[in-house]
Structures are given as structure tokens and as C-alpha cells.
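Note sheet for the following structure.
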Amino acid sequence: MLEAINLAAVRGDRRLFAGVGFSLQGGDLLYVQGANGSGKTTLLRMLCGLVIPEEGKILWSQEDIRSEREAYLQSLVYLGHLCALKDDLTGLENLRITEALAGEEISEPRAMAALQGVGLNGYEDLPVRVLSQGQRRRVALARLALTQAPLWILDEPFTALDKASVGSLKTRLEDHLEDGGMVILTTHQEIEIKAAVIKQVALAEY
Amino acid sequence: MGDGSGGRAKMNWSDFFTMGGYGFYVWGSYGVTALLIIIEIIWVLQRRKALLNRLARMSRLSKG
Amino acid sequence: MAFAGINWFKYSSPASFYPVAGKMIPWVASVAVILAVIGLYFSFFVAPTDYQQGEAYRIMFIHVPAAWMSMFIYVVMAGYAAMGLIFNTRLSAMMASSLAPTGALFTFVALWTGALWGKPMWGAWWVWDARLTTELILLFLYIGFMSLEAAIDDPRRASRSSGLLAIVGVVNVPIIYFSVKWWNTLHQGASISFDKAPSMASTMLTAMLLMTFAFWMYTIAMVLYRVRCEILERERHSEWVMALVEERK
Amino acid sequence: MLAVLRCVMMRDLILAVRRLSDVLTTLFFFVIVVSLFPLGVGPEIEVLRMIAPGVVWVAAILASMLALGRLFENDYRDGTLEQLLLSPQPLSLLVLGKVMAHWAVTGVPLVLVAPLLGMQFGMSAQGIGVLLISLILGTPAISLIGAVGAALTLGVRGGGVLVSLLVLPLYIPVLIFGAGAVEASVSGLGAEAHLSLLGAILVLALCFAPWAAAAALRISLD
């Protein structure tokens, strides 16, 4: 269960947002809305513990995420704007190394299956630099098929995806929510994701 | 003028400036030190004046 | 600095510290001037002529205090930086960045006066003496601190990054000093070094201490003045700064 | 715990092998800088033999400092560094893994080439032997201390030059004991004292540098 209390962020000397609070239980979907530059990415990175909040606290099952760092990070997957892939490594290597760093050893067949699951059959063992932006995005999203982490924080996950991939990502998110997982995401496209509880946080322009 | 603690104070000014032949070195050190301190003071005063002007101008712009 | 440290936590917010610093500056500055005048009087008129070096040794009365201050300010800077990182208090980070220029000034003064004192004593402008070399490396550390802080735009990250550098630096200063001392004695032997300061008549010591305290007061006044500029700079969007700017117009 | 350290190291080593040009440029820089000195100082072998340890050591420091840019900058730009910070494993361990891979790619080639340069400068076999040991002990310490500088100047404009300004003063003890060890052994004083102090600095760097670099990374990615 994730709880954010009275979060505030400052970038340079400009105050991005303040008094942001919400709580998220299993099966909840949270949309983070706001114009560009209103601090959406900063809020997501703050929820991951990358950015230290100017004010307020973030609790994961009633414990501050900075004191329960290891437990929290084990239950979290964050996909930012960048695909977080090394160009010289193949899709397969990237996937297995990223998962190993997150503490989950993945066998080659399972990684291969995950890549095929996002429609990359035949591209698994090519260096990522030869793939298109959409394909690279899908390699990054393939992680969602492998991870056991309940909390997914996704920054603009639908960008650069074709219709089929958008559809499959939508169903994967819905399955995850049904299994009691939590999703926090930002998106510009109007995509209807069915969830038990849908919450919104709007970052007003300061 | 000097006290009796074995030190003889210099009465005339010419001795004072020659500093027993080491005037260049002694006044070179004290002079540069004094100069640097004065420069730092002026620099800080300038910085504050420029900052206050900028803030005043920005507050006028934002209000006007 | 200890004085500012005592009521520190009560005035830890920049807004409340600003007026306090304002009131302190005139007092500290006048104490600095008085101490400097008395110190100079002692240095030139009271302290006796040294039988070995004649009048040249009087450079010692600013060289040694400047060297002490350069080391002391760096340690205080690292202390404030550590407090800024641990307690996340913005004001201590500002104090650290305000201390750096004055510290660098004293380091340069120590080097300059060291060279001018070295010329008459040993006939060389620069002597690879352990302490002088460490002073030179300390100047590099100060320059590194200030340039790192100037290179980063976001003031919060700038003070935290340079703060960490100051802490890494202060841990390294003793290591550098002892390795340079080892290197110095290996190559040259201990013949030329500052350790054998001229026999210290009591008046010499008082002159040096007076000058040290004068430098100390000067540092406090200068740092308080500069930290007020930092506060105005970083809090320019807050209401109290706006109000203050209104009043001044 | 160690599996993750090995994983980060293997990843960086694979990346380095797949892009050998970066490794070779550092090595060639080292060789060129060392070979410049005889052209500048003159060919007398006596003079060259005397300045050889200092020249090799300063060139090694400059070469490994050039390679520091590659330590975090690429990961920072493609987003993998962010994922490293989000790994449940202690960040200082991951940083240690990266620095060991960086040392294996830049430090070890320098150590392997140093004897050739030693001969070029007419150094005695004993001198070259001690030079090798001092470089083996010194280059990892340089990579470790350099990692702190690289983390501090991440994403900062003019970071490449700035890192040298921050890190060079901290390299001075390593340089003094490294170059001094060779000179002491050649002049008959025996280099044990210097090498043991160099080892002490290496242990100190091993304990504190990863932690400091990890803290610097968190600040840089804040």
C-alpha cells in the first residue's frame, strides 16, 4: 500500500508542485495529469525515491521508503522516458541484466518468451541500436511480463507504440491490476484502462 | 614610544619604510594582503548592490 | 564561527537568520578593525627585531595567521557542508559556499607571503617545503570547490555536490600533508623548512594571535555579508524578500 | 549480493570489449605522452632514467583520468544509471563493480605497457619490477578516487575538464608513493615502505570511494 503525504518539489528555485497527497491500494490505477513542465516526471521519480521531496513523506506499507529502501525497491518497477537499454547489448542481454539487477534471475528461454510476447520474434538477439524507437520501447516494456513487483510506475508508456502494442500493453496493465497490483502512469493519449479504482492527481501549473 | 621589553621602537619614518633593507619583501606581503582584502570587500559590496537592483527591477516588472 | 553556531538551530531558517546576520556584521567588522590595528602596532613597533632575520621575519605576522585561517576555514566549510547534507538545512549549505572565497583568499595570501618571506631567508621565491606545498594543494581544493559549485545551475544540487567534495577534500588534507612531508624529507632532508620559526618572544606571539583573531573576525563579517546575498538570491521568490525589496525602494 | 557485483562487472566488460576503440585510445594516449618527454627533455639516458618513474606515473594518472568520462556518462545518458539507482542492492556495491570493470579496461593495459616504456627510458630491471608493483597497487586507487569526481560532475557542462580539477589534488599521495617507490628501490633505500603506504591508500579508497561515489550519484540524479 503506497501513501504520499503533502509532497512538494522545487526545481532550481521554481516550486513545481506542493501539497500533493494520495494513497494507493492493490488494484488501484493512478493517473498523474498536468501540463508539460508541471513536474509529472519529477513526481514519479520522487515516488521511486530518486528525488528527495522538499516537503512531505512517502510511505510503503506504513514505512518511509527511505528507511525501508531495499524492500520498497524490490516491489517497484519504474520505466522512464528513456528506454534504459545499452545500445551495444542485444535485447535479450539487456532484459536479463536489468532483471538481474532488480534481483530476479531470469533464464534465457523465459526472457526469449517475454520478447516474443511483445512481438519481437526474430529481433531478440540483435544489438538494440539497430532496432526502431518503437521496438526499443517494446524491449523495455517486456520487463513487465517478467517482474513480480506489485507497484508499476510508468512515465508515458504508450509513446511510440503502434496500435497492436498499445492494445497488448493495455491488457497487461488490466491483468496486473486484477491480480492486485498497482499502476501509476502519465499519458497524453486518451486510453480507457478498466480498473477497480481509478484515481487522479492533477499537478496545477504554478 | 616602544615599551622596554628589549624591543626598540623605530623613531623615524625612513627606517620604518626601509624595514632594515627588507622593505620590499615586508611591504610586498602586507601591501598585497591589504589590497586583496580591500578587493574582496568591494567585490561583496558590488554583489549586494547589483543583486538588490536586480530584485527591485524584477519586482517592478512582475507588478507592472 | 563558534559564536554563530550556538544559537544556530534557533535561527536555522534563512528568513530569521537574515536580520540577525545584518545586526551582527557591524559589530564583528569593528572588532576586526580594532584587533587589526592593535595587531599591526604590535607587529611593527612592539615585537623586537629578530637577531637572525632582521626585519624580514615580520612577514610571519600575517603569513602564519593566514595559513591557520586557510586550513581552519576549509574544515569549517566541510563541517557546514556535512550539516547541509545530513540535516538537509539550506542555510548551512549557503554558509559553506560563502566561506570558500575568503578561505581561498587566505590560502593565496599564505602562499604569497610565504614566497616573499622565503626569498630573503633562503634566496628562493618558492621552496618545496611540506607546509607550503600542502597550502598550494589546498588552494587547488578551494578552486575545485568553487568551480564545481559555479558549474551546476540548480543551486540545491550545486551546494550538495560541492558539499560532498568538501567532505572528501577535508578527509584527504591530512593524507596529502603527511605524504608531502614524507616526500619532502626524502628528497631534501629537513634543512629548509618552516618548522624552526624564530624563537618566539612573548610580544611576537601576542602580535600573531592578535592578527589571527583579526583575520577570524574579518572572516565572520565577510561570510555573514556574503551569506545574506546568498539568502536573497535563493529566496527571491519568497514573500519576505519581496517585502524587503519593496521597503528599500 | 556478489552475483550482482559480478553481473555489473560482466556487463561493463562486455560493453568495453564490443567497443574496443575506447580502450585503445586511453592506451595510446599513455604511450604517446610518455614518448613525448624524451623529445622535450633530450635523449641523454642518464636524465631519462632519473625522470622515468615520475613521467610514467603522471602519464598513467592523466590517461586514466581521461577515461573517467566513460564511467557514468554513457549510463547517465541512456537511462541505465537510473535503473542502477533503483536496484535493491546497495549502490556502493554496484559502483564498485563498475569501477573494477573500468580499472580492468583502463588500468591493466597501462600496467602491461609500462615495462616497455620503462625500457625505452633505460630503467633497470629492478626499477621496472617495482614500477609494475606500484602501478598495480596505484591504478585501482586512481580509478576509485576518480569515480567520486566523475559522479560529482555528471551531466555538468564542461564536466570533463572540471573532473580533473577536482580529482588531481586527491591523486597526489598516490603519485608521491608510486613514483617514490621506484626511486627508493633504485637508490637502494628499498621500496617496502612506499609500497605498503600505497597499499594502505588502496584499502582506504576501496572502503570509502564507492560509498562517496554512490552518494554523489544520488545527488547528481536528484
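Labels A, B, C and D are assigned to the chains in the order they are written; within every chain, residues are numbered from 1.
Just so it is clear, a contact is a pair of C-beta atoms (placed from the backbone, for glycine too) under 8 Å apart; a residue touches a chain by one contact, two chains touch by 3 or more.
What you see is a predicted model; the values in this text were computed from it and never measured.
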{"item": "Comparison of B-C and C-D by number of C-beta pairs in contact, larger one", "value": "B-C"}
{"item": "Geometric centre distance via CA averages, chain D-chain B, whole Å", "value": "44"}
{"item": "Distance between chain centroids, defined by C-alpha means - chain B, chain C (Å)", "value": "16"}
{"item": "Intercentroid distance (Cα basis), chain D paired with chain C, Å", "value": "32"}
{"item": "Centroid distance [mean C-alpha coordinates] between chain B and chain A, Å", "value": "59"}
{"item": "Contacts with two or more other chains, residues of chain A listed in rising order", "value": "52"}
{"item": "For chain D, residues contacting two or more additional chains", "value": "222"}
{"item": "Shared interface positions of chain C, touching two or more other chains", "value": "156, 236"}
{"item": "Touching chain combinations (by label order)", "value": "A-C, A-D, B-C, C-D"}
{"item": "Touching residues (chain side chain D, partner chain C) in the complex", "value": "148, 152-153, 156-159, 162, 165-166, 168-170, 172-173, 176-177, 180, 184, 197, 201, 204, 208, 212, 215-216, 219-220, 222"}
{"item": "Contact footprint of chain C on chain B as seen in their complex", "value": "1-3, 5-10, 16, 19-22, 25-26, 28-30, 32-33, 36-37, 40-41, 44, 47-48, 51-52, 55-56, 58-59"}
{"item": "Residues of chain C touching chain A in the complex", "value": "88, 153-156, 234, 236-237"}
{"item": "Footprint of chain C on chain A - complex, ascending", "value": "10-15, 52"}
{"item": "Residue numbers on chain A that touch chain D, as the complex places them", "value": "48-52, 69-71, 73-74, 76, 78, 80-89, 93, 97-98, 100-103, 105"}
